[in-house]
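One structure coming up, written as structure tokens, with questions to follow.
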Amino acid sequence: MWLHTNCFLEFNIPVPTPFLLMLRPRSGWQQWVAREQYVMSPGISAVEFTDMFGNLCQRLVAPAGYFSIHTSVDIETADASDMAPGAPFVEVQQLPDETLPFLRPSRYCESDRFTDMAASIVAGRAAGYDQCTAIVEYIRNTVRYMPGAGQQIISASEVNGMGIGVCRDLAHLGIACCRALSIPARMVVGYLENLHPMDLHAWFEAYVGNRWYTFDPTQTGLQGGRVAIAFGRDAADVAIYTQFGDPVDLQGMYVNVERMPGPPY
Amino acid sequence: MWLHTNCFLEFNIPVPTPFLLMLRPRSGWQQWVAREQYVMSPGISAVEFTDMFGNLCQRLVAPAGYFSIHTSVDIETADASDMAPGAPFVEVQQLPDETLPFLRPSRYCESDRFTDMAASIVAGRAAGYDQCTAIVEYIRNTVRYMPGAGQQIISASEVNGMGIGVCRDLAHLGIACCRALSIPARMVVGYLENLHPMDLHAWFEAYVGNRWYTFDPTQTGLQGGRVAIAFGRDAADVAIYTQFGDPVDLQGMYVNVERMPGPPY
Amino acid sequence: MWLHTNCFLEFNIPVPTPFLLMLRPRSGWQQWVAREQYVMSPGISAVEFTDMFGNLCQRLVAPAGYFSIHTSVDIETADASDMAPGAPFVEVQQLPDETLPFLRPSRYCESDRFTDMAASIVAGRAAGYDQCTAIVEYIRNTVRYMPGAGQQIISASEVNGMGIGVCRDLAHLGIACCRALSIPARMVVGYLENLHPMDLHAWFEAYVGNRWYTFDPTQTGLQGGRVAIAFGRDAADVAIYTQFGDPVDLQGMYVNVERMPGPPY
Amino acid sequence: MWLHTNCFLEFNIPVPTPFLLMLRPRSGWQQWVAREQYVMSPGISAVEFTDMFGNLCQRLVAPAGYFSIHTSVDIETADASDMAPGAPFVEVQQLPDETLPFLRPSRYCESDRFTDMAASIVAGRAAGYDQCTAIVEYIRNTVRYMPGAGQQIISASEVNGMGIGVCRDLAHLGIACCRALSIPARMVVGYLENLHPMDLHAWFEAYVGNRWYTFDPTQTGLQGGRVAIAFGRDAADVAIYTQFGDPVDLQGMYVNVERMPGPPY
């Protein structure tokens, strides 16, 4: 399917402030960027680089006063996310080198503290994809998904204790449990068609059956219409924007995803 | 300045044919991609990856029949290319690691065969930027720039013997001479405003005075309005498109660069 | 100075177990590996790769039964660690791309929770190196260094609350405070001459004055004689060994660092 | 098998001269470095980095006067190089991204000029491994292998015309022909047990049947006992040493490979 996405950010900046942003989706596996726009107002100079996870990152110094960023893409993405019940666990010694960082605990995914809990959740399930499914079911049954409820980012341990969280928090819990079972898992931030209420979204991927598969504890069924903006170990790696120095005021944020009737030509 | 570029390629493909393309300029040093389009007709699935020089590369299998690719960008770039007469040679032991591949001879830049010639060209010049200037002057005085004259890619040795070449050939000769003097030099393919006749363009960069500087043996003066699409050791690394298997028919190629009155918003 | 280091690990392995190890120091900035040994008993096949921080990592499956690893190096390293009181803070927009991951919070360095505390610790100090010094002083004054006290790895928040820790914990606290001030900071594990009691060691580096400087909250003065084995964001990135699956029994670990009278030839 | 290798280089250096070296084999696929030594006399400071092909490279400035480098390793390597007659050609669209640079023409492998010749050599052979075998047979039948005959490095075209060459030249010709058939091929420099006369050696690898396979046009049969020191596109990427500035005098070079009775412990 073809999607048209928009993300509009408005800031009130007290003093010139350095930003690090990840707002440019890349073409890649199952997504093709046909048209893209990245406009700043006022127009300022920025530089772009590729981080160690392959994400395109933008660096700039936002000027004092009103500052806005508007990004949009016309992108082709899969109608449905691949599913693979029964796909086997990959023995650690068989994992590709590049998946290994996603076995480690990270800021918001303290997988080193989830060994017993993860084992308990997946008891009786076949090693691999079906364990991931059990983890998603556990999260859906025990953590209430409350869009928009999160301000400060909390960790998997914290969300497990609180029993409530935003998409990011549920993903962190899923990642922590997968890693505790020696299944590489990574965070994805992006867009999801038909998300209610519409916003940026976060989900996770787990490496089983020799590839990455999508899991989303916030949704019943596993719908397609996903646009990945950035991949990382957890939210610390994939913040859409990070500002340094004194806090700035995010005055507004508008996200929109529309199905296009066909390709943009 | 803001430029709007277009590149339109039309092929007639006898049988499904794998392609490797580099047609997506990246934001980077002194260029910001505000709008971009990459449209294929018929629409097919493609994947993108980053090569070892940081270029975004697209992989696809072109279907049999008529196949076209149309890319365009709205991009901010420098009004003038930086110049630095007198900028010093960087001792090899002080060069950043990532510049070292650009000291090696490469397919079309046999710098190992240019030691004596390069030394002769730069006799009496201060080591560094001024040597590069002498090399550009030598090329302008001895090789006739004939746009559109090239079909098979020839090497620096060959162009030096023939005394005539396209932009790519002149760049290869410049690169070979710089490397023969232990100055890292790399190929750039991209767009240049006001190029006559309009086409894709190639020039080179040399690392002196602790940064890369632009050199273009095809132009009097060193005008700005440049858009880099890809960087590499020579034309072997930065082919805009490479097709594998039986030859296909490039039916048409159209390149266009326009100055925009201002930013695209 | 020239050092001879030894690290000897002995395991009792119940079932064949995949390991990921980082036990091969690399030559690099201020350290040159002249002789090196990496011997496993029983001898098994292993593969090596470079992780995203540049560390050499070994992958293997340890066989059931007794399994030992013995590594040693003859290495030249600096007599004294460089110090630079007054070296300035590097504005975020001026930081090299590759330092940016070290600004992010990580598993054991929750820098996002240390904003106020770090600001308080460095009140009145010049931005940059002197802030790092203030952080080290704070740690030395408030956290008791107790070699060998740590089993489970605890985070900067936890060590700050407990007021006691091993070298790794003190480094985590230093890193968290630096990052909270937008100073890139990274973990180093390695060897230190004259450490009492002798063991593997951990310290941290901060990026100020346009380079990395060494800080070690466990030592009075900043002695040299350091051998870096691995660099990372925190202990989650630089575990000397990680085993997957059911726990194995580390039967013994022996570390030794000797000054050599001169180079090994 | 376990091998003990030695490489001893002696230079007479007129003025302090920057060097770039590749003399430290890495553990990797089918080779494990158990002991290693890298000693320079006089002892000087050097730094090491990893190049874009994963090779460990050393940078140093050799002092005026006598200067020597002595490297040795105790290494486990395969008794026999894997062979796979019939292993299929990998369609370009299925090749891993990291193999693509090895499809391009390079300094000494002008594969763009070998299309017809390569097609002729492999006529009637199954696509893939068997084509590589045909290329090796062609080289063995048409190019006389003369160890020690090479001074200036010549290209595949040149060696094909001359009909005589050293190991490096034969490898270049093999690589050029493979790439002309869209088979990724890369150069390997290293040690080979029982080479007569003993010297550093060069061979090539081709990517067929979803992995790299070893080919060596200088040897009847495909013996094992190989130690890879460096991988690259051709000799321009994998020079054991490169010196910059005025030529230095290589006074002596001694290479030695011995079978060890068993592991070094």
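In order of appearance the chains are A, B, C and D, and numbering begins at 1 in each one.
Following the convention adopted for this analysis, a contact is a pair of C-beta atoms (placed from the backbone, for glycine too) under 8 Å apart; a residue touches a chain by one contact, two chains touch by 3 or more.
Fair warning: this is a prediction, and the values are worked out from it, not measured in the lab.
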item: Each chain counted as touching chain A and chain C at once; value: none
item: Classification of the chain A:chain B interface as same or different, half of numbers criterion; value: same
item: Separation of mean Cα positions, chain B and chain A [Å, integer]; value: 36
item: Chain centre separation in whole Å, for chain C relative to chain B (CA means); value: 43
item: Multi-partner residues of chain D (at least 2 other chains); value: 49
item: Chain-level touch network, classified as line, ring, star, complete or other; value: ring
item: Chain-chain contacts as defined at top; value: A-B, A-C, B-D, C-D
item: Footprint of chain B on chain D - complex, ascending; value: 18, 20, 49, 51-52, 57, 59-61, 91-93, 97, 100-101, 103-107, 109-110, 112, 152-153, 182, 236-237, 244-245
item: Chain D to chain C touching residues, read off their complex; value: 24, 26-30, 32-39, 41, 43, 45-50, 54, 56, 58, 70, 76, 263-265
